[in-house]
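The two complexes that follow have subunit A in common; it is paired with subunit B in the first and with subunit C in the second.
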Partner chain A sequence: MTSTPGLSRRSFVQLGAGMIAGVALVTLAGCTFDAPAGTAGAAGTKTSLKEAPMLTKLVKEGKLPELAKRLPAKPAVAASFGGTALYGGTLKRGQLDAGDRGVMQAFATASFVEWDEDNRKPVPSLAEKFESNDDMSEFTMTLRSGLKWSDGEPYTADDVLFVMQNWLGNKTMMPSAPYWFSSADKSVPQAEKVSDTVIKISFTSPTPLWPKYLSNPSVGGQFVKPLHYLRQFHPDFTDQGTVDAQAKAAGFDSWDKYFADRDNTWTNPDVPVMGAYRVITSASSASGTADLERNPYYYKTDADGRQLPFVDRLQVQILAQEALDLRAANGDLDFQAQFLGYNTTQVYLQNAEKNGFHVDRWTPAGSLLSLCPNLSHKDPEIRELFSKKEFRGALSQAINREAINKSLLGGLGVVMQPVAPKGDEYYSDGIGKNFLEFDADAANSALDELGLTEKDSNGVRLMNSGKPLDFVLLYVDATTEIARTDAYSMVVKDLANVGIKLTLKPADSTLYTQSRTTNDYDIDGTTVPQTKFDLEPVWYVPTGGNSHSAPAFGQWYASAGESGEQPSADVQKLLDSWDALRTATSDDARVKAGKAIMKQHSDECYMIGILALPFVPVVINNDLLNVRDDKPELAFVLGRERVTKPEQLAFATGE
Partner chain B sequence: MVDQMNPAALEAPPTPRQMRKARAQLKFLDGTASQSQLIRRRYKSNPMAMFGLYLLCLIYFTAIFAGFLAPHSASSTSADHAYQPPQAVHFTLEDGFFIHPTESSTDIETLQRVFVEDPDVKIPLTFFATGDEYQLLGFIPADVHFFGTVDPDQRLYLLGADRAGADLLSLILYGGQISLSLGLIGVAVSLVLGIVIGGISGYFGGLTDTIIQRVIEFIMSIPTLPLWLGLAAAIPPRWGITETYFAITMILSLLGWTGMARVIRGRVLQSRGEDYILAAKLDGASHGRIILRHMMPSFVSHIIASMSLAVPAMILAETSLSFLGLGLRAPAISWGVLLQDSQNLQVVANAPWLLMPALAVVLTVIAFNFVGDGLRDAADPYGK
Partner chain C sequence: MIRFIGARILYVIPTLFAISLISYFIIQLPPGDFLTSQIASLEQQGQTLDPAYVDALRQRYGIGEPFWVQYGKWMGGILFEGDLGQSFEYGRPVTALIAERLPLTLILGVTTLIFTWVIALTAGVYSAVKQRSFADYAISTVGFIALAIPNFLAALLLAYAGFTLFGASIGGLFSPEYANAPWSWGKVIDLMNHLWIPVLVIGLAGTAGIIRVTRANLLDELPKPYVVTARAKGLPEGKIIRKYPLRIALNPFISTAGWHLPSLFDGEVIVAQVLALGTTGPLLLGALKSQDMYLAGGIILIIAVLTVIGTLMSDILLAVVDPRVRFGKA
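For the complex of A and B:
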């Protein structure tokens, strides 16, 4: 490594530019805003501002009410990961797909409750208080008084009622409520308005997970919808004929699709929001760039009462993977974790110093490449084989994970089985160690003991019926993380050594999803998330037809026995534990049920883990302050970059 | 006198080869040379075309004997050699050819793969080395390789290694087998169909022409994307990637002949009314003879030109249907797949040798174009 010069040319230029900008601003402030005379230096003036200069200007012009009238009576105080900060600047990001709403989830979500700093438990956010009764079947929520939408309209209990009754309770938009919105008997929760700010929400059964679901930005964000704007598109408030005519005129088949389109904060710039940013230009425009601007009515401040967010604007470019990698390496992206490829980290690191950014290493969630044998296989003989622990164990032991690690990740990867990791509340000592060691001899003798001793001319073992052990591994190929085809090709060789033939079938995602939901596959190759499994249980418990391990059993569970196939005793045990978990009346009972699920997975090896990434790269502009540096988890259920509370990010130079 | 003796008498009698040459020469002079002789002579006189032909033969030779020429089998990888840069081959009189072994490690800070050469250890290389087993020409089991390490367990990376530690040279040689065959069969099928059906349509005209043209229009109107989607779902999962790709190219070529047929039909229609065709008809020539013998020469240059353009397009389009699960993808090995895999920032910045398959594609495309160009000129031996 070369030594770092004391002051590089680039940082010198930046410093200079920053000083000039700072001086210019202060001059400007002095002229127009009656800044208190005689305060300390430039930074002192600016860090004592309570709102962004761009908003102060609008207030002076009479286009915006003053700050006190925009903030709620008791603003939410955002956790801080740094020191004092300046207002202003544009944060640049990139993404691969114009329709992807990850930016909104990460940067611009507002929900009743959100994750606390440690990402362990929900804390009130839009709500000032969020309480449950003793058996967690009834939740009483007190909204902050004086909350306002980004267009200045008040946010009240009526907006919440609208979501609970006219959206969640509407049979057209919500024909069957998903489990994260519903009670154990699949009924949607009932909402009752107690006062303008107090709402009571009741389920027919204990629902201890509901606050956690609400903290997931992609779920919680859906519960915040502006009644005053959306009422014109909803037949409960506007004449059905008018609603249908509007939908038709806009080119939609039915009113509910038009409603969903109008409700989409990422593509519709007109819809008022509660989050930190609102879209000005959507990404579907010709430029392929989305522009977001601060919400002047945002309800959060820092500890000193300064309104957030600090950064004025976000700019999100839609790019191909190579272009995104290049822009990141060039330092053109200010803060980016999602969409960056692990395999390009070396290039980011090579360019970081000269292009003014640094690369943090966050904890990956859901990067563990795994094999999921289909426990509800259509062929009874294969189903019986897959349902045997000894067989799954033999598959697992036959894989030389260290060789795959050495080859694809230079030995840096983490070898493990898919269970809750240490630190997760569902972890218990000793789980995740079964069948992890490479032992081809043990695998061979286990297969022999199962009676699979006959072999065909190619050395492939035969089942009792005379059919060879020839399975198709279905997966969607990807190379940005662990190159899946490379890894699975090595698994193919390892399994061939113990007399099992595996054929790789990389499929496009539509075909992949379709094959899974129709129960038409042998083994599914996928990455498995490990922490907070209760928020997305489908990986560990077949709760629906989209299960990776047993879609037919999942279908049975989701339809209450109307379709699909009756689960095997093993899987039923998982489902029973899951029912106990989601209707537990105490945290202890819930955690106990979750640990039972993990223990069963560890013992039975339903999913065969191969390799996980050691970290995920995060590209951060050196000028960007307040990014947490404690290696947080980059997880979908946490809103990905949301873990660093992006509203309190700020540029060192401000504007 | 020795000086006045006929010099020819002193030379050995002419070899059969020289006599054949002389006879052919005579034919050109007295105007009795056949069309194909004229074409061959014209083609041979074009140095670029000959170069293209030799190059093409060489490329096909390497593809056919890939197993023998490649130092390793296509599926053999080495975890210790992922992203191994190309190795330098050393030569001394006492040791012959040899390379130094490398030890790889990954720097945790920079994530760089560091390869340290051990200059004290020599891995001897040899011609006709014993190594991975393969099937010569697809059915002769063999394990002798043209050039490789003496110890079959050692690895040789003349062009470097890919991300799984497979030898790139071997991959390129094996990749040619698919790239130079499957797609080209598709091109040939649509060419033959186009000539035959288009020829019939234009030559006979009338009801035949109307029916064929309506069928062509029907085929052209089938939307391709839904068709591919349907095929993607219909193809049995145990079919390998190459079988799938072959089936798709065949189906596509069964649909793709329509453009060629239209052009041929137009040319046949045009020449049908010419006097020399009438003369041939009056001489009692059969329909087939008239089409192939009398009409074809007038548009063969067009066919050759469009075919020599279709071949490189096919090689480059190998991977274009991959997003539907129909194109070629890893673990199949072809030049298109190798190039597809190398299209990322990591490779361009840190493993540029993985772009080498592009050179193979460029050479092949150039060779095909030179050959096509020469054939087009030669097809009209009376032209300037």
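For the complex of A and C:
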């Protein structure tokens, strides 16, 4: 909401609560509270506006071309989650880190394609047409004609080529091709300009996942960079000496770091953008507050041809977790899902009515707390043990999930194993049910059958070598979701009942990452995402040394056998399915391979799921319209709040 | 006097060298490096980075170089070019990041220091003069409570009280509408509205020490014969205390006054973090957490230099006000 300095919305409300009676109050209350009846007449004319009044003013002053000249020939039409809306207002948010670009991904991404309303398949966005050849190794993209950057310069195929050849193809800035823009042989694809709006991209192998990668805002947004602005910082376009001198003058020790700095839309207010908002003041300034303003050339409209976004400005403040929670409870945050803690929901609910907001419940993605035994363990005996399905199954069956659920989430949590959930394209009937029921007897007899019958004086089972079954659970402690130490402590007791000793080791996130990537841990404790695993396969298939289940095997796969260790037959099967998936020549073949991976996980129980959150809280100002109410998924690969297409959000009161 | 100052300045150089070496070493101690923490934080935000790609970056940024080489480059930059290096996290020069936050940090630091001194000295003198009175006990109790409550907790409690009782917006030194606005009267008033919480929390916590020291020293002096003599001569009580025992009792206060110099600069890290103040404190904490070596190293080095300079200033001040120190007799 807009607040005029000196008179906040809060004092407006208090004012309205009954201190002053009179004409002023009537008008005030009329437009603030009784919107449907009171403002029908006024709103009728305002909702027919095609552009924001603040832009109309600039057009009249001659500082901006008229709307028709700013929009592309065929503007993209944004999905709508509500009715007609007014232009104006400032949407306030908070976040924990100054460097976190989540807001840009959620509110201001522009990409060739984006997720459709159901978040299932990519639909054209900056592109008007996005087609592939039969085996999905060649993509032809037609940009909308008349697209413009936020400074009014045209957006053309040259900008796209610039990204693909001079940025992704530059060895200094991209020492190795990123997974989201490389063929199976790790080469960078060829990009070719067919006309000013048509680009052809050729991979050396089928790449069915590319359109999906592009739809992920954190990836797709990186393909959009302004050549006309950035060319002055790139040695392919400007003399190397000049480029180096500029970098040095700005305090950077090499030109590519300065280029990255100039290219950062979240911290550099000068770089032109294609998204709905551009940064005016960066969050790393001393005020710790970022201001964003609408992009007058934004390429989307609503169904009536009204240019989006509706909301004029965004304001994002950097806050500590406690301050952010209190701000949310105080009604100071207009629309926020990320960074809110599940355990603080009660505080939000208690203050919601009083402070003019409501709390929605969205679907969590990746809140499933799990145990991941290290399948590529350094100790051959432990590796042997962890590679046995019966052993992993016994671990899983020994855990009394309902008891954990009752004591930590009041029974509201969802008990499941980490596989694709119902509704995901890689889900098939019957997966995810193995070893889920609590059955200590079955676990005990399974362990006995594995020959782990000897016990030491503490009742801990012994391996053949005489070493006890004593494992360390490595995890990063966190309390904003399911309190990890509490949950894992209950697992420790459950496992002790079947003769397995588990020691908890909460670690700093850096130490945690370091131990994992050097294959130096027994069991990893983490939350596992379940939907759209193909966008981040490392969770289910050890594709890299950062795998949670088998880092040494992942390193082998990523380095093509140069480092790491050769995967076991089991894991090789997963990797083969993954290779089949990412080079599939049809959607059917791709989905089949993905289902095979999920089926294998379900059968083998590589990761042991415990409990997932029932929902994530979302705080929404009562004045904010058009937030979707069908409990969408709050997922990183969907751009989090982006699922509700923030460009079409609007304030009931407008300005 | 000049010899005294010269000798003190000579001590400063090896001290600073040792501090810079140790602080750089300590920052390097935790496992991993900036890129590992970067991967870790991206993972917490839900993103996975390709490890092969990270390895390539590590080589390019020279993060894997031996300690001495890194330290040499860093010190060389500082001594010869006044360049504190680049922050990895912000991708900006460290000097620019610090300079941006300096004005607010100084406003907070100076206000807090004045607040502390005014309250503490008055209270200390008063409780010594009125020893064992109700006021004396009350002052001591309040001082100890303020000292005993962890600052961040007090800050949270006050913030929560502000939220429930006054509906104040929590965090930051400005309301959202003023955060990036140019300076105006409204903004100054808005700053005052937010400044009192950190000033009260940090300031009160600092009073207890000074109150106790001032009180104890003054109590030592008050029964001495020269005070009795002055009183016998008929000097007014206020004048006696101000002119003689207080001046002696102030020695420990002056000898520690310089120590406040660094605290003006770092602005109480934890309180600033909890209240989301745009001072250098949260910058330092964030840099330490993400192993942003040059940023953390730069801030710590400045704090160290200020501590040493502060101590030097105290030494000199003490020598100026107390001749016994100047001649090495006390």
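Quick notes on this structure:
Convention: the second predicted complex is superposed on the first by the 615 of 655 C-alpha atoms of A that agree within 3 Å, B and C clash if a C-alpha of one lies under 4 Å from a C-alpha of the other, contacts with A are read in each partner's own complex, and residues count from 1 in each chain.
Note that in this section contacts are C-beta pairs under 8 Å (C-beta built on N, C-alpha and C of every residue); 3 or more make two chains touch, one makes a residue touch a chain.
What you see is a predicted model, and the numbers here were worked out from it, not measured in a lab.
By the document's definition of touching, of the two partners only subunit B reaches A:L408; subunit C does not.
In the superposition on chain A, A:E322 makes contact with both subunit B and subunit C. Of the two partner chains placed around the shared chain by superposition, neither subunit B nor subunit C is touched by A:T453. When the two complexes are superposed, the chain touching more residues of subunit A, out of subunit B and subunit C, is C. In the superposition on chain A, A:D508 makes contact with both subunit B and subunit C. By the touch criterion stated above, A:G545 is placed in contact with subunit C alone, subunit B being left untouched. In the superposition on chain A, A:K92 makes contact with subunit C only, while subunit B stays out of contact range.
In the superposition on chain A, no contact is made by A:Q566 with either subunit B or subunit C.
Residue contacts after overlaying the shared chain place A:Q232 against neither subunit B nor subunit C.
In the superposition on chain A, the residues of subunit A contacted by subunit B and by subunit C overlap at 322, 326, 329, 508, 511, 514.
On subunit C, the positions that touch subunit A within their shared complex are 30-32, 36-37, 39-41, 43-53, 56-57, 59-60, 83, 86, 89-93, 95-97, 100-101, 103-104, 156, 159-160, 163, 167, 169-172, 174-181, 184, 186, 273-276, 278, 286, 291. Interface residues of subunit B, counted against subunit A in their complex, comprise 75, 77-80, 82, 104-106, 108-113, 163-165, 232-233, 237-238, 240-241, 323-325, 329-331, 341, 343-346, 349-350. Of all the residues in subunit A, the ones that touch subunit C in their complex are 3-6, 8, 10, 92, 94, 97-100, 102, 172, 175-176, 178-179, 218, 250-253, 257, 260-261, 264, 267, 280-281, 284-289, 291, 315, 317-320, 322-324, 326-327, 329-330, 332, 366, 476, 508-515, 517, 529, 536, 538-539, 544-546, 554-555, 558-559, 635-637. Taken together, the subunit A residues at the contact with subunit B in this complex read 1, 321-322, 325-326, 329, 341, 343-347, 349-350, 403-404, 406-412, 470, 472, 474, 477, 479, 483, 485-486, 489-490, 493, 503-508, 511, 514.
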